[in-house]
Each structure stands twice: as structure tokens, then as C-alpha cells.
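Pasting the structures here.
Look at the two complexes coming up: chain A is in both, with chain B in one and chain C in the other.
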Partner chain A sequence: MDITFDHVNFTYQAGTPFAGDGLKDVSVTIKDGSYTAIIGHTGSGKSTLLQHLNALLKPTSGTVTIGDFKITNETSNKNLKPLRQKVGMVFQFAENQLFEQTVAKDIAFGPKNFGVSDEEALKLAAQMVKLVGLPDSVLEQSPFDLSGGQMRRVAIAGVLAMQPEVLVLDEPTAGLDPAGRNEMMAMFQKLHETQGLTIVLVTHLMDDVADFADQVLVMDQGQLIKTGSPRTIFADPAWLTAHQLGLPKTAQMAQALTAKGFQFDPQPLTTEELAQQLLPQIGGGAHD
Partner chain B sequence: MTKLLLGRYLPGDSWVHRLDPRTKLMASFYYIGIIFLANNWQSYLLMFVATMVMVALSKIKLGFFLRGVRPMIWLILFTVALQIFFTKGGTVYWSWGWLAITQYGLTNGAFIFMRFVLIIFVSTLLTLTTQPLSLADAVESLLKPLRRIGVPVTELALVLQIALRFVPTLMDQTTKIMNAQRARGVDFGSGNLFQQMKAVVPLLIPLFVDSFGIAEDLATAMDARGYQGGDGRTKFRILQYHQPDIVAGLAMVLLTVGLVFLRA
Partner chain C sequence: MALIDIEHLNFAYPDQTKPALRDVSLQVNAGEWVAIIGHNGSGKSTLAKNINGLLAPASGQVTVAGLPLTEANVWAIREKVGIVFQNPDNQFVGATVQDDVAFGLENRAVPRSEMVTRVHDALAQVNMLDFATREPARLSGGQKQRVAIAGIIAQRPEIIILDEATSMLDPAGRAEVLALIQQLRAQTNMTVLSITHDVDEAASADRVVLLNDGEIVESGTPAEIFTHGEELLALGLDVPYPERLKAALRRAGATMPKDYLDEEGLVNYLWTLHSTM
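Right after this comes the complex of A and B.
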């Protein structure tokens, strides 16, 4: 399911004295099966952009096309359910959305809203709990008895249970410990690779951008100021700094090493690339 | 929810903005009291002119005030209709059974309409030009004498301040949770009454959980910074009456005199 933004403008509280710009003339395509990262500092319009992906917000002008759905200012709020089923959204601090008496019921809530039978939904819940790395025993527990990290996983399981084609993640790992963060990101990557899930990730972590994304959108003051592969985006450190963004740790290290006389081409973005380029320069031979 | 204008502060630096919040609070209540003295077109005209002068002094566009009237318009029209149809006296213009439109009915209807609109204008003026926290300060300061008879004024003011402070926070949180549940297939505001009530559960429970969380965090943070109740606390914002406050008070007195003079 391709997602296309065509000259999308969005104004908050349009027509009131409190109106403010959300998005300005955004045009971009997110290809089916791609892994897109959206970066930009706080208040740059990332979250506003995300909410257009499943018509939680509708453009003030312009068109958002999501698969067969065309969303414009005139689109009625009815009949959006099929779209919302196809685009799963994990919001920031997703654990705030939990409300049911048991974890199983909470995960089953989404699928049931989209017409899946109770029985089938509970079966999905059991699968999803496993997928997000929680033990079966939590299924009958109250979500409010779990730790913060576990609650986050339950919330993510609740979105995955809707079996979306596009997964939208708004800083899904904020506040998780490093181990949990790695596990979650690895799980999303696996879903992306095995099920061809389209992923849209909003993040402040440049390492995640370098490790996972194949397309990067840079937002600033409601405008899309740069689009490209991580390699093209990270190629200009001065530009990034000017927009309050940074480099992934590997590129930072390469930069520091270049100052000491090492040479890197192309700029290493993942740990493996860095190691491979570094090895011959420090006299290490190839391992056979 | 964002259309709710009552209680929204518009930053500014006008004469009205700079008045002491106590003056504005007292003057608003006083104004709402004396508007009931008006009973003929001359006295209503005086009140109208006085209100327009206040609005002009606030340098806020008239549109904001009209927007404040909008949510109340049906209540106002209903009351006006009752006045028109049920006041008897004077020339009868139209009648049908026990319903009649009379001269007195029409004038009374017009007066009631005027009274409503002016009261809304003045209360909108108060909330548009005064920060909610300043208002809470004003309430605390004005209620201080009640401390002698054992009313916990500072605690009440604290409760009021915290409540006002967290209105926007909770509104934000509500929007976020609604979005999250919409994304999971909830339709808010559609279906029959039972379905709509059911749709509110996934919104209210997280909101409650969250509010308790916020309350606990806030209590801990206050404890950590040594809060021990209001007695003997000094204030960051000290309220002081200045010359404009005296002018505002005198204006209210003049307005009263004018009203008494003009009313029938």
C-alpha cells in the first residue's frame, strides 16, 4: 500500500484566532514495503504528519492517498474503519491506551473493533504476546499490574493484533531500557523483513535511522526539508547540526578517526561497515 | 473542545490586561449585579456604551466576544421567546389562543436579550484578559477574611490553581488517548446511545489512571520541595492596587449613579 502526500497543508484550529501551522506544502511518497524514518526536532510537525497517515487528521488542503483511500478536507469521518485497520499506529507512550481488565482482552480490543470474532481475537492476543516477548502468564493479568516496559509491549501487541499492512511508530522505544529497546527494534525489523510490513518510524535516535531505514524524511517547522536515503542525509554533518540533528554513533566515531588520519569511503553508518573499513587500516587481516 | 472560548486567556498589554485581577473580578461581579437595575432603553443604552468602552480598552477584536455568545445562543433565544409570548400588556400585535405578542413582551424580550449578551461580553472580557492563575490568586486574596472563621482559604486556592493548571494537560491527554483508541477502531460519537456510552470506557479509564498518576507525581514533587501547607508562605506574584484600579472602581460608581438616574 503506497502512501502519497500531494501538496498537503494542515492548519491547527483553522478559522479560529488560535490557528497555527501544522504542515506546509508536504509532498512525498512512502512506498509499499519500505522502512521510512521521520526525523526533525521537537515541534517540527512529525506527529502532525503521522496523524495524516490514518486520517486522524485531514489535510486543510491537498490530498493524502493511502492505498485505495483518498483523504481530503471533504472526506467524511465515516467509513474510515477499513483504513484504520490497515494502518496500525503505535503512539508515544502507548501504554497510556490500556484500559481492559486483562492483557488478553486489551490486545483483543482492536481486532474485535474491526469485526474479528471474540475467539479469533483472543487467539491473536496469545500470538502477539509471544511476538512482543512477554510470557503467556501475563495474558490473564491486569495490564495495570505490569511494569512500564511490559505495558508498552502489551500496547504494541494490541496494535499488531489488528494485523495492519502499515505500522506507524512514534518513538516506540522512548523510556525503555537499552535491552528492551534493542529487542523491540529487532522485532519490528523482523516483521518488516518476513511479512513485508511497511514501517514509518519517528525517532530521535540516529542509530536507529542508520540501522533500519531505507528512506529518511527530515521535517522542520511543518515543512519537509529533505528526503533521501540515510547515506545522503548523513553525508552533510554541518547541515544536520544546523537543523539540531546529529549523526549516528558510527559516523561520529568515523569522523573522530578521520581527524586522526584514518580514511573512510563511503561514510560508515552501521557497526559492521565501520569495522570492515577500519580493519585493514589498523593492520588486521581478513579472517578466513 | 478547542472551540470553548470561555476560560481562554489572550495575552496582551492593554489597559484592561494590566488591571489588578481582584479589580477585574470584583468589577465583573458588580457589573453583573447592577445590570439588573437597567429597566428602560436609556439605562440599557448606557450599559451597552459602557461595555463597548471596556471592550475597546481591551484592544481585543469584537469577534472574540461574539464567539463567546455563540454557545449560549439557544438558551438566550429560548428565554427571549418565553418573554415575548408570555408577557402581557400594551398593544397586542398578534394572538393565537393563549399565546400573544404584545408591546411589553417585545420590549421585555429585547431587554433580556441585551442583558444576556452584555453579561457574556463582560465575563468573556474577564477571562480573555486575565490569566486563570491570576484569577485564582484574586479569589484567594478576596477570600482571606474568611480565614478568621476557619475557612482553609489557601488550601482552597491551591486546589483551584491546580485544577486550572491541569485543564490543558488533561485536554491534551484526552486528545491523545482518543486518537490512540480511534486508531484501534473506536468510533466516538456514532451509533446508538448504548454504543456511544460503551465507546467512552476506553477513553475514561486511561484518563483516570493518568490523572491519579499526575496527582501522585505532583504531590511527591511538592513534598520534595518542602511544601507544608499555605500558612506563612510568601507569594511570587504580589497583588497590588494601582491608579488604574482606582479609576476602574470610580467608573463603576459613576455607572451606578448613571443607571439610578436613567432608570424608570
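Right after this comes the complex of A and C.
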């Protein structure tokens, strides 16, 4: 399911003295099966863009096409339910939206709202718990007795239980410890590879962009100012700094090494790539 | 005597069979910055809460500034220890930034004239004076934590505990808060205990204490701790990037020095190898 933005403008509180630009003339396609990262500093319009992906916000002008759905300013909220099922949203600190007495009931809540029977929804819950890497034993536990990282997995299982085609992730690893972060990112990668889920990731972590995304959208003041592969985006450190964006750690290190006299082609994005390119330049390393 | 002296501390949460802290002994000197690292659930926050009496130990002794932590002393100790928590949104009570900073002082019945000066000074120190009459909810994450820190320093504690105070912030906000802590330490010689899994934060400290399953497994300078790169990764912790690159180079077949090198150090080291090829 492709998602296409065609000259999308969005104004917050349009027609009031508080009107403010959210999105300005955004045109972009997020291809079916892709892994897209959206970057930009706080307030650049990332979240506004995100909320257009399942019509939580509708463009003030322009069109958003999501599979068979065409969303314009005139689109009524009626009949949007199938769309919301196809595009699953995992908000920041998703664990805050848990509310049920047991993990199983919490995960089953979404599918039940989309007309799945109680029995079927509970069956789905059991499958999803496995998919997010939690043991069966949590199903009958209260979600509030779990650790923060486990709670977040339950919330994600609740979104996956609706069997979406697109998974939208708004800083899904914020507040997790390094091990939790790595596990969570590996889990999304697996869902992307094995279930063919299209992933849209909003993040401040440039290392994750370099490691996982195949397309990067850079937002600034409501505008989409650059689109490209991570390699193209991170090839211009000066431009990124000018837009208050960082570099992946590998690119930072490569930059420091280049300043010293080392040469890299292409610019390495992962630690392994950097090590491979360095090796011949250091004579295979010293022996101490 | 150390400013914070923890001797053989044991602690277990009710209904938990496994203790959260086991025989923890730790001394923090006045003016020192100690980072406590460990994965989620390793006992870091439990340790912090035992220092100012939010939790009471099962056995062992905590002494802060010469005062043993007892029911009689707990309020005197809390005046000396300020904690900044993880989620900036959970700790605001005031309608404006200045009201919020004044809240702790009001509770301690500080006279108004002095309160005005202290709030002003604290906000100036964290560089948030321009925001004094703003609503806390409308600030960025980094700004919120700076206000939370102002609320603490207005009370002039001897010790400030940062309990994962930067973990919910974006990289810019994190850098902002770290720079502030460094600046405050330079100005006031404040003792800082930071509980964190951010390696950059730990690398800025004078000493790093590694906690695993409620026990102290290692304690030393950041350079000493970060030489245990592989073990840290095995414990679910991060290591500074140069250590990761060294590990990758070793996997690719190169021999790398054992000692911890920061980014500049590693760049220079690699350049020496390049030049002697």
C-alpha cells in the first residue's frame, strides 16, 4: 500500500487568529514495503506529517492517497475505520495508553473495536504477545505489573493485533535502556522482513536511521527539505549541522578521520563498514 | 569523611523474593561527580531512593553529610539532597516557571524576599530567566529539565541526584542538560550523583559505578570502566563509540590496544598506524 502526499498543506486552527503552519507544500511517496525514517528537530512538522498517514489530520489543501483512500479537506470521518486498521500508529511512550485489567484484554481491545469476535481477538492477543517477544505468562497479568520496556511491547502488540500493513512509530525507543532499545529495533526489523510491514519511523537517533531506513525524509519548519537514502543524506555533514541535525556516530568518526587524512569511498554508515575501509589504511593493525 | 557514605546496604521490595540491592557499599566525596550505570532493573533508582529516605533499607547504614539516615534525620537529609527525575512532565506543580521553582521554598517557609532572590538566581543559573512567567507545559524537554534543576538548586542542596534525568530528552536537550551540570559544578562545586544509561553522561563523570542485579560489580574512572567494553555490552549497556569501532576492527582482524581511548585518542592512534605503514 503506497502512501502519496500531493502538495499537502496543513494549517493549525485555520481561520482563527491562532492559525499556524503545520505543513507547507509536502509532496512525497512512501512506497509499499519500504522503511522510511522522518527526521527533523523538535517542532519541524514530523508529528503533523505522521498524523496525516491515517487521516487523524486532514490536509487543509492537497491530497494524501493511502492505498485506495483519497484524503482531502472534504473527506468525512465516516468510513475511515478500514484505513485506521491498515495504518497502525505507535505513539511516543505508547505504554501510557494501556488501561485493561490483563495484557490479553488490552491487546484484544483494538481488534474487537474493528468487529473481531471476543474469542478471535484473544487468540490474536496470544499470537501478538509472541510476536513482540514476550512470554505467554504475561497474558493474564496486569499490564501495570510489567517493566516499562515490557509495557511498551504490550502496547505495540495491541497495534499489531489490528494486523496493519503500515506501522508508524513515533520515537519508539525513547526512555528505554540500550539493551531494550536494541531489542525493540531488532523486533521492528524482523516484522519488516518477515511480515512485509511498511515502516515509518520518526526518530532523533541518526544511528537507527543509518542502520535501518532505506528512505529518509528531512523536515524543517513544516517543509520537506530533503529526501534520499541515508547515504545521500549523511554525505553532507555541514548541511545537517546547519539544520540542527546530527550525524550517525560512524559518520562523525569518519569525518574526524578524514580531517586527519584518511580516505573513505563511499562514506561508511555502519561500524563494520568503517572498520573494513580502515583496515587496509592501517596496515591491518599493529601488533602489541 | 565522605559526603555520602553507604555501608552494606540491603533492600528488598515487598512481595519480591529477590533483593533489589545486595550489600552495596559506596562513598561519594564532596564535589565529586559519580555516575551509576546499569541496565533497567539493576537497582540504580532504588539506590538513589535509599539515599534520601524515600525507601528505607532492610539493613545497612546510609550517612549523608555526617547525619545517619534515621526517621529523626530524614528531613534534614532531604534538605541536603535534591533529586531530578526522569519524566519532566511528572514533576511540575506551578502554573508558571517561577512558581514552580518557588514551590519547594514555599514548603520550607522561606521568607518571600529571600524566595524572590533565590528563584531569580536559580533561573539565571540554568539560563531560563527569560521564561520565568511562561507555562512549564509549553517548554521543550531540555528546558523543562533545566527548570526542574532550578527548583532543586534554589533550595541549595549539597547533593543533586539525576535519576535518568536526560533519558527522555532528544539529543539537543540531553546536551543542554549535561552542559548545565558541568557549568554548575564549575561554579558551585556541587556533588552530583547521576543515574544513567547514557554513555556520554557517564563519560563526563569523575567516577563510574557499575550496578548489576543489585550489586556493585565495578567502580572506577570512566576510562577504567570503558576498557571493559565487551562485558558492558554483555550486561546490556552501551559503550562509547571508539570502543565499538575498536571491537569491529578486532573482528575484522586488526589488533587494537586494550586501553580506553576517546574519539580524539583513537583517531590519533589510527593515524600513527597509517603513518608507519
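The rule we apply is simple: the second predicted complex is superposed on the first by the 284 of 288 C-alpha atoms of A that agree within 3 Å, B and C clash if a C-alpha of one lies under 4 Å from a C-alpha of the other, contacts with A are read in each partner's own complex, and residues count from 1 in each chain.
Following the convention adopted for this analysis, contacts are C-beta pairs under 8 Å (C-beta built on N, C-alpha and C of every residue); 3 or more make two chains touch, one makes a residue touch a chain.
Model, not experiment: these values are computed from the prediction.
**Student:** Of chain B and chain C, which one touches more residues of chain A?
**Tutor:** Partner with more touched residues of chain A: C.
**Student:** Between chain B (first) and chain C (second), which, if any, makes contact with A:D177: first, second, both or neither?
**Tutor:** The answer is second: A:D177 touches chain C but not chain B.
**Student:** Is A:F99 touching anything from chain B or chain C once the two structures are fitted on A? First, second, both or neither.
**Tutor:** Touch partner of A:F99: chain B, not chain C.
**Student:** Of the partners chain B and chain C, which touch A:H41 in the superposed model: first, second, both, neither?
**Tutor:** It touches chain C, and chain B stays clear.
**Student:** What is the contact status of A:P135 with respect to chain B (first) and chain C (second): first, second, both, or neither?
**Tutor:** Once the two structures are laid over each other on A, A:P135 reaches no partner at all.
**Student:** Examine A:M89 and indicate which partner it touches, taking first as chain B and second as chain C; both and neither are also allowed.
**Tutor:** The first partner, chain B, only.
**Student:** Tell me the contact category for A:T271 with respect to chain B and chain C: first, second, both or neither.
**Tutor:** In the superposed model, A:T271 contacts chain C only, not chain B.
**Student:** In the complex of these two chains, what residues of chain C are touching chain A?
**Tutor:** Touching chain A: residues 39-41, 86, 140-141, 164, 167-168, 170-172, 197, 236-238, 241-242, 244-245, 248-249, 251-257, 263-264, 266-268, 270-271, 273-274, 276-277 of chain C.
**Student:** Quick one: in the complex, what on chain A touches chain C?
**Tutor:** 41-42, 147-149, 174-180, 204-205, 244, 246, 249-250, 252-253, 256-257, 260-262, 271-272, 274-276, 278-279, 281-288
**Student:** Can you name the residues of chain B that touch chain A in the complex?
**Tutor:** Its residues touching chain A are 2-3, 8, 10, 61, 63-64, 173, 176-177, 179-187, 190, 201-202, 205-206, 209-210.
**Student:** Within their complex, state which residues of chain A touch chain B.
**Tutor:** Within the complex, chain A touches chain B at residues 13, 16-18, 51, 54, 56, 78, 81, 84-85, 87-89, 91, 94, 96-99, 109-110, 113-114, 144, 158-159, 162.
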